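Chains here go by letter, A, B and C, matching the order in which they are written, and residues are numbered from 1 within each.
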């Protein structure tokens, strides 16, 4: 298993991991790639590499699960500024922390427009993403 | 890896892939099935085979992420009628493009009511779904 | 493949499965763990083990997909009290019924705060969760 580092600078942010991941799977002919985010306030998904779209995604996530609301988690840690992040936990529970992509002929079977996107929901932070391959 | 074709005719539409998939895994005794949608405006999930429920699902998806809104992606491509689809990208980023199902004794370990559902979010289109099996 | 039993008592409820799962994977050095919920009105995700946060999660799920609404699925089964559960099906279609976690050195590669959470959406019920491991 390999560990990739991801550095984010904004509270909500999308980072394209595709090129970084490509460099790490060329020794596998056929198999399944797992990317796993070992954090509870971030997630990973697959979507287009369009920055305007990323803004639309983050706007929608915030509209559905607002940053400020009467969250019990935030009230419990009311003295701790770093823990006012229930929105990030809730969004991570919906988007989830992993993607799993078939590998064929040494390449991820991503469609033309698909990119692997790290979703920061409570940044900026130094994050990790775990990468595992299973051979077929 | 196999490729299945899926043809959709409506803008938002649910298609049950379960029977099609069953025919393709009978040579595996134990393992993990991956279905991967190589598109950014569609998704795949697991749910009941109830057409009224499918309408409820699609209504909810549209209520949460409306077709028309001030999306930056749509504004960027304002001259292109085929690119007014930010809702589809955003929903695909939430529902995600794959499902992974254990296989035991040559069969998918689906519960009684579970079906594999392709979720078209920007149709009608000719779509593909990739199917991969890993033996245990 | 193993089967775990989960008993829920409330309509919406979060149950932490992490310790139960730990006891079942110690014979695997490296691989991929799949937890699969064979139900259409429940789901499984990964999040923090914080009960206040769980309440925030369930409140958000209900706010986004209300228990009562003009669902066609509920109208179709209007005489059956046990089938007034479109909200549960819709939420399960979004959160989805499986998680897949890398195993390394005999342990799940969960982050410090990550727990495996069963999400009951239409309880209380006796539920099952299937557990499968693939060796690397």
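Miscellaneous remarks
The definition used in the following text is that a contact is a pair of C-beta atoms (placed from the backbone, for glycine too) under 8 Å apart; a residue touches a chain by one contact, two chains touch by 3 or more.
No experiment lies behind these values; they were computed from the predicted model shown.
Taken chain by chain, the contacts link every pair, so each chain touches all the others.
With rounding to the nearest 5, the Cα superposition of subunit A on subunit C corresponds to a rotation angle of 120 degrees. Rounded to a whole number, the gap between the C-alpha centres of subunit A and subunit B is 20 angstrom.
The set of subunit C residues touching two or more other chains comprises 32, 64, 94, 96, 100, 134.
Those residues of subunit A lying in contact with subunit B across their complex are 30-32, 45-48, 50, 52-53, 55-57, 60, 64, 94-96, 99-102, 104, 109-114, 117, 134, 136.
Subunit A contributes residues 1, 32, 34, 36-40, 64-65, 71-73, 75-76, 86, 89-90, 92-94, 96-98, 100, 128, 130, 132, 134-135 to its touches with subunit C in the complex.
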